[in-house]
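Two complexes follow with chain A in common, the first pairing it with chain B and the second with chain C.
Right, the complex of A and B next:
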């Protein structure tokens, strides 16, 4: 574990050096990423000038949900999505060979080799918005709400990673799909709104494909409308999906043929 | 014309080979509109009229957004940037290929398989939104004006995105430029929310910017939310003005860009 931690730190250091070579790009990317989050929040603000609640969600609750969604999404983007963009070329060009012969977990390597610093402004701003909304509209916030929020935040990143990662694996069989890293994105966008809007599919998206844990349930933990056992379910679901993604990765690797063979 | 058909045939064969790739891009293009539609359907459970929209007209609006996003919105920029970076952009300069016609055929050919994916998808969505759509009775004139506006909207987006792509000649990294354009475009074109939800002062400024004419203007014509012939005429003229300006700016930037272009990999 300590070895992986040291390895990850050296990845981050390496990426920071590279990022600082293109400083203007770093600043513009950060600004654009922040503006996008602000625009989505503004849209909800405009909509709520004409409606009072949507499925019982008030404007403050939806704004909190949006901030939670963007915080989690940006953490995911910084750690994982940047790597997913390199995933298809790795498999299709045979560069995965170089990773498989390294004395470290290949899943760790393909998932965490790159780290993006382009989301820092956005993450800081979203954390500020969450703290402001929580203290202004949902106080008093108890310590166990904060703890369950932080636990669910980690679960959300793990669930997003596992589900997204599993959708990449068909590339081992269908190498021609060179944009498979974008397959999960439309489903992930569904997490930007309260999951209650899907009506009768809510149970499926909570318990079977747990997209509700991406933003709705972490937001509910701060709002104070969450059943405590959902936190336990979230931890179990995240653990199970991470395990499943690892098993499927190993299974997919058995079908890897490299590029020149 | 033979050259045009040949371009089109090449790109169509490519689109038919990469069917799954096309389907994933389609899902990404219509995903935000589906999410917005689900949100609106939930909002309409508590009230029947929101800012002049009924559940039926709002559903139709977002089906229109999906159709335009899937069939009209072009994305020439990502490929072109790669070509500029890799040096294969030189092909357009040394061979008798018209860059704009070639890219346009590419965009249009990739739209053909999308029609077959999109129609059943809209039928399914229509079923889940309980078939609440109004019957829109279109006369030939409205349909004709809508088609003209749609063509102008395609050309306008195409020229602007080609200009953005050509920026790669000067900038090493231009991804932030595309993303910032997408943000302003999705807010001010009416993709995320109908423009009537924006503050009146913003709407007034937006009337003179090109964004509205990407999506909202043709859509409001076919949904008959714009009925006055003066308003339609002024809108079409503004759209035409932006198309001409877009083309001239594209020509100018292409000519300047060619002088600066270095084919590192070529």
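Right, the complex of A and C next:
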């Protein structure tokens, strides 16, 4: 574990050295990602000029949910998305070869080799928005709310990672499917709205395909409407899905055909 | 005790066949014909510690596929493979720390960073102790003359410099087994020679077991005592390089230069010699090994010979003939 932590720091260091070479890219990425979040919040703001609540969610709650979604989404993007975008070429061009011969987890390598600093300011801005909204509209916030929020934040990233990663694996059978990394995106975007709005599908999206844990449940932990046992369920679900993704990865590798010489 | 043992290895791929053109493409969207390609079909061999073995064969013969199975990248369709006592596809870290794979057409170095940064990352990955890392790096850098190169970003290096750095990255953990897949591809003659010398030196210094594939016969001739020739997924020959000559080249080449112009039909009396190329003043014959002396004497006696040269067929010639399936006996 300590070794992987050290390795990850080396990856991040290498990426930072590289990223500093491309300054305008860095600034522009941050800008675009901020604009995204602001526009979505504005849309909700305008919608709420016509209604007071949507299925029990007030405007402040939805804005908090949006900020939580974007924070988690940007953490995910920084750590994983850049790697997922490289995933299909890695498999199809056989560059995976030189990763598979290394005496370290290949799943770790393909998932975390690159780290994007392009979302750093956007992340900080979202954290600021969350703190502001939480203190202004949902105080008092108790320490156990903060702790469960942080735990659920990690669960959310792990759950998103595992589900998304598993949707990439068909590339070992089907070969060239350039946009498979976008397969999961629409489902992920669904998590921007409170999962309650899907009505009777809510339990499926909470317990079976736990998309509710992506943003809704972490936000609820700050709002104060969350039953504690869902925190425990979140940890279990994250652990199980991570394990499953690992098993499927090893299975998929049996069908790796590499490429040319 | 062999380091590498392969018995009855098979690796089949499923590929689909497409008829050419747009119509064929549309047809293949709905109805695909699949076919098994036998990349490796029943290959067996064993290699002892410290051997430097050359894998040769035409494109698509199955050399790279075999190396990939030995590296644990590909799951074999059938057969047993053991390297250093491990089953490669289990990809145990203890095994992976003891071998390395270098492919001339793939790189592991980080493109935008100096090679040294990739070396340091590999030190972490392979858990090489600092002292050993420093020592090995020093040694490899001086063997390959890379002192000034390793701090320059990889994308600014020449192909030859990059290949040398790839070798260093692959060898920092001092692998006992090394698979080199066309390490000299695309390099100029001088650089090829340097890489060759390095490989030989590494083999002797570290007593490493090395398998080398190459399309350049010079690589194989200079480095390998033993060669395994693979063709169409099967082992065609396995033995000492000079045994290929004994086994497959039972003819020698006789090059004769004449004082005055000759006519082709005047050689009709020498039945045992086949004319390979004919010009009035210079003719090349191929002759059975055991008849060479007799025919040379006959030629000297009956024709105005100025110069006569007897040579072995070159290994290139023999192998080319083996692969084109020509009858050369």
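One rule holds in what follows: the second predicted complex is superposed on the first by the 260 of 261 C-alpha atoms of A that agree within 3 Å, B and C clash if a C-alpha of one lies under 4 Å from a C-alpha of the other, contacts with A are read in each partner's own complex, and residues count from 1 in each chain.
By our rule, contacts are C-beta pairs under 8 Å (C-beta built on N, C-alpha and C of every residue); 3 or more make two chains touch, one makes a residue touch a chain.
The shown structure was predicted, so the numbers you read here are calculated from the model rather than taken from an experiment.
**Q** Is A:32 in contact with chain B, with chain C, with both, or with neither (first, second, both, neither)?
**A** first
**Q** Scan A:46 for contacts with chain B and chain C and give back first, second, both or neither.
**A** So A:46 only meets chain B here.
**Q** Kindly classify A:10 by the partners it touches after superposition: chain B alone (first), chain C alone (second), both, or neither?
**A** The second partner, chain C, only.
**Q** A:207 in the overlay: touching chain B, chain C, both, or neither? Say first, second, both or neither.
**A** neither
**Q** If you stack the two complexes on chain A, which partner ends up touching A:176: first (chain B), second (chain C), both, or neither?
**A** In the superposed model, A:176 contacts chain B only, not chain C.
**Q** Quick one: is A:192 in contact with chain B, with chain C, with both, or with neither? Answer first, second, both or neither.
**A** First partner only, chain B.
**Q** Check the contacts made with chain A and report whether chain B or chain C touches more of its residues.
**A** With both complexes superposed on chain A, more residues of chain A are touched by B.
**Q** Quick check on the superposed pair: does A:132 touch chain B, chain C, both, or neither? Answer first, second, both or neither.
**A** Once the two structures are laid over each other on A, A:132 reaches no partner at all.
**Q** Using the superposition described at the top, list the residues of chain A that contact chain B and also contact chain C.
**A** Chain A residues touching both partners: none found.
**Q** Which part of chain A faces chain C closely enough to touch in the complex?
**A** Touch residues, chain A against chain C: 3, 6-7, 10-11, 14, 17-18, 21, 94-95, 97-98, 100-104, 106, 253-258, 260-261.
**Q** Please name which positions on chain A make contact with chain B in the complex.
**A** Residues 22, 25, 28-29, 31-33, 35-36, 39-40, 42-43, 46-47, 49-55, 174, 176-180, 182-183, 185-187, 189-190, 192-194, 196-199.
**Q** For chain B, which residues count as touching chain A in their complex?
**A** Residues 17-18, 20-21, 24-25, 27-28, 30-32, 34-35, 38-39, 41-43, 45-47, 50-51, 172-173, 175-177, 179-180, 183, 186-187, 192-193, 197-199 of chain B touch chain A in their complex.
**Q** In the complex of these two chains, what residues of chain C are touching chain A?
**A** 13, 63-64, 68, 71-75, 91, 93-94, 96-97, 99-101, 103, 105-108, 110, 112-113, 117, 120-121, 124-127, 181-182
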